[in-house]
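What follows is a pair of complexes built around chain A, which joins chain B in one and chain C in the other.
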Partner chain A sequence: CRASGDEKPAKFQPPPKPVIIDKQKQRAERRFLSPEFIPPRGRTDPLKYYMERKDMIQRRRVFNIPEFYVGSVLAVTTADPYANNKSNRFVGICIQRGGKGLGATFVLRNVIEDQGVEVCYELYSPRIQAIEVLKLEKRLDDNLMYLRDALPEYSTFDVNMKPVSHLDHEEIPVNKLQVRMKPKPWSKRWERPKYNIKGIKFELPEIKMKEAQKWSQPWLEFDMLREYDTSKIEEKIWKEVNEGLKK
Partner chain B sequence: QGLLRRSVSHSFLSYASTTGACRAIQKLTRVRVVDNSALGNTPYHRPPKCIHVYNKTGVGKVGDTILLAIKGEKKKALIVGHKMPGPTMTPRFDSNNVVLIEDNGNPIGTRIKTPIPYILRQREGEFSKILAIARNFV
Partner chain C sequence: MMPIWTKSGERHAVTLLKVQDCHVLRYLSKEESGGKTAKLLVGGKNVSPFSKPESAHQIFKEAGVPRKQKVTTFNVTDDAIIKPGTPLYAAHFRPGQFVDVTAKTIGKGFQGVMKRWGFKGQPASHGQTKTHRRPGAISTNKASKVYRGKKMPGKMGNIYRTSFGLKVWRINTIHDIIYVNGSVPGHTNCLVKVRDSKLPTCKEYNKNPPFPTFFADGDEKLPEDLFDEEIFQFTDPSVTY
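== the complex of A and B ==
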């Protein structure tokens, strides 16, 4: 404030208006468009994808498909005619999300009684009755297939685990866990640069790691024909999906 | 392991391999016996292997009977899970699981700890006794 010593009294300055940070508006800033909405690169008529998206939006209006990523723990209840109570609940970590459009799938993995089990579910299948996200988080990779060759403790999740609450405006936590593997041989040679896996703690000797780099293809990142810029497509589809869901 | 696999990976995201009949159970596949029978659990220097599949095609899926060679004897067994991905919504196990059976369909063991797929309930008539000793279902 002004030091008292001025001859003229200073003009009354109103105090600065308080800035209210509306957390709800911050939530709207984080957009998540499910990866199956983005059409693959190709020469098919966009009308086909438009019609599929209409059906996907229609299904989403009736049934809530939550936002989740590869590495989050989900619990899925499906309708099964052969299960008791006709419904079947499976808890697992999502290791892969594949497929585009209505055939989008995700694979959940869990270890039950020392037996690793994986189930591939279709997101838009009418047999799915509920999808709950028990733990929303991301991992360092897009594809956690290496969990099959990792120690079973990294794939075990309690079937009766309580959902971990996640506040809307916060960013999705990235779990930087480095997984320890079973001794080789593995189902795929995960140390090779083509898989580009960051989430494994390789305990292999240096010679093996150097030998794996022989299969690196450093020219691939500069290949312009492989680029697929989805930002504009995503904007359009985001608007379309939002309008469809609001109705 | 030990079965031929051709890997198709045109894009970096397709980690699936495509083959003919593989990762399901056929002749000479090593299997894992999951019930608590003495024959299945006593260690032997050779793993139990499939020598015949009672099927039109020689490929065994969940619910098929196979002939197993265990400890120098021939025994029938029922497949309760395999490493091959099946139809969507069905579980895929990390090992080829098998339950030892008599010729008339009665299981030899008394308990099955590993999870069994619900698909087996479809043929409740043939597998009722095996489903009765199973504890977990997937």
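== the complex of A and C ==
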């Protein structure tokens, strides 16, 4: 208490606001730039890629294309003039993402009534009405084409599967599943080092694995002409895409 | 090349052509040029003036224009004459028109008869001695000569060829880009000549073009992108049936 009240009562100072440190935002924000935005190496005029990117950003503003990787389970509804409700829904695991620019595609695989089915969809096609990510995860490889020669249980996914929730700030889980294969012959010789597959549990004899290493090309990783450093290009395109989507 | 979708969901492939610094260089009247119609010399794509002698710069100095990489002639009717020195833009064409595109094809060098003319060659095995990709017989016995123009190995490509009846889907007025249906002869970034189509089925689509050309300093203000009616524009929601 103040002694002798000759001073005027001081103006009420509100207590300082508490500073909330949001630990979630402190973690590095995960940046995902869809691979079809990165232009391939070549002698094409960059203006052509700029025009394509404008169209892609325009499409993304109207229609949401979620973030997904090879190995995540997606459900895609397309417009089909010959179906009952004029729409067609397909659920499957993404085994491959190809193409650059507006022609970017992704292949979904599922086994329906003991028959393996693969459907290739174009990301920017206007016939696609919805893309939902049911399970967002990565696998050990970029290309899961070996699932064609794997046991069918690894490619079956329930058509009425519920979406598995995924929080924004968590890192994407990597499924380190090693897949068991059907007996040989396979569509491709997956044991050879050029495919560089880590997600198969090879049950082949040691002699066969050693013989496959004959086709290895250990000089490839040191070939400087094959290097394509996309870090700076990605930075620029990331800024461009973000500004385009904010408008 | 880029994909393009129509409102009914069909997918077409499209080539992008950029109109880069095109100017009209000279007017030749019917008697001067010695043809059936008057001619206009048009030049495209600016290039450094230091690699050619001063005598070659005559045409460009008269028109008041930097040196161009390529100069071509267009046959024009008398009411479509343009003053030398006017720039030409992509808006000269409109979506829905049909167009012929001429360019030099990709040079393949000296090629054999199978690649150049599509001959079948000979079988790979069953006793063929050193003969797998050869032309075989080149004439008959009675002729006792080889006819002129006989298909034989030689230099393939690097000649002018035209793709006829290509539809114009879209025009970008800011960057001067024409989106033309299908493929076009020539390698990427090569120079290309675009004319109104001569096909009789395309005559009705080529009516009402900007005549004699589109003038940028005129009264007409065009939007950034001109689309054909059937194109699916990405501002619209997804296609439904």
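Simple rule for what comes next: the second predicted complex is superposed on the first by the 221 of 247 C-alpha atoms of A that agree within 3 Å, B and C clash if a C-alpha of one lies under 4 Å from a C-alpha of the other, contacts with A are read in each partner's own complex, and residues count from 1 in each chain.
One rule holds in what follows: a residue touches a chain if its C-beta (ideal position, glycine included) is under 8 Å from a C-beta of that chain, and two chains touch if they have at least 3 such contacts.
Small disclaimer: the values here were computed from a predicted structure and weren't measured.
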Could you say whether A:K138 touches chain B, chain C, both of them, or neither, answering first, second, both or neither? neither
Have a look at where A:F90 lands relative to chain B and chain C in the superposition and call it first, second, both or neither. first
Should A:D80 be classified as contacting the first partner (chain B), the second (chain C), both, or neither? both
Chain B versus chain C as contact partner of A:I112, first or second or both or neither: first
So in the superposed three-chain picture, is A:K100 touching just chain B, just chain C, both, or none of them (first/second/both/neither)? neither
Which partner does A:V62 reach: the first (chain B), the second (chain C), both, or neither? second
Contact-wise, after the overlay, does A:Q129 reach chain B, chain C, both or neither (first, second, both, neither)? second
Of the partners chain B and chain C, which touch A:L47 in the superposed model: first, second, both, neither? second
On chain A, what residues does chain B touch that chain C touches as well? 80, 122, 125, 127
Touching chain B in the complex: which residues of chain A? 78, 80, 82-83, 88, 90, 96, 98, 105, 112-122, 125, 127, 142-143, 145, 148, 185, 188, 194-196
Provide the residue numbers of chain C that touch chain A in the complex, in ascending order. 2-3, 5, 9, 11, 16, 18, 172, 175, 177, 188-189, 232, 234-241
Any idea which chain B residues touch chain A in the complex? 1, 7, 9, 12-13, 15, 34, 81, 85, 88-95, 97, 113-115, 118-122, 136-138
Parts of chain A lying in touch with chain C, wherever the complex brings them together: 42-45, 47-48, 51-52, 55, 58-59, 62-63, 79-81, 86-87, 101-103, 122, 124-129
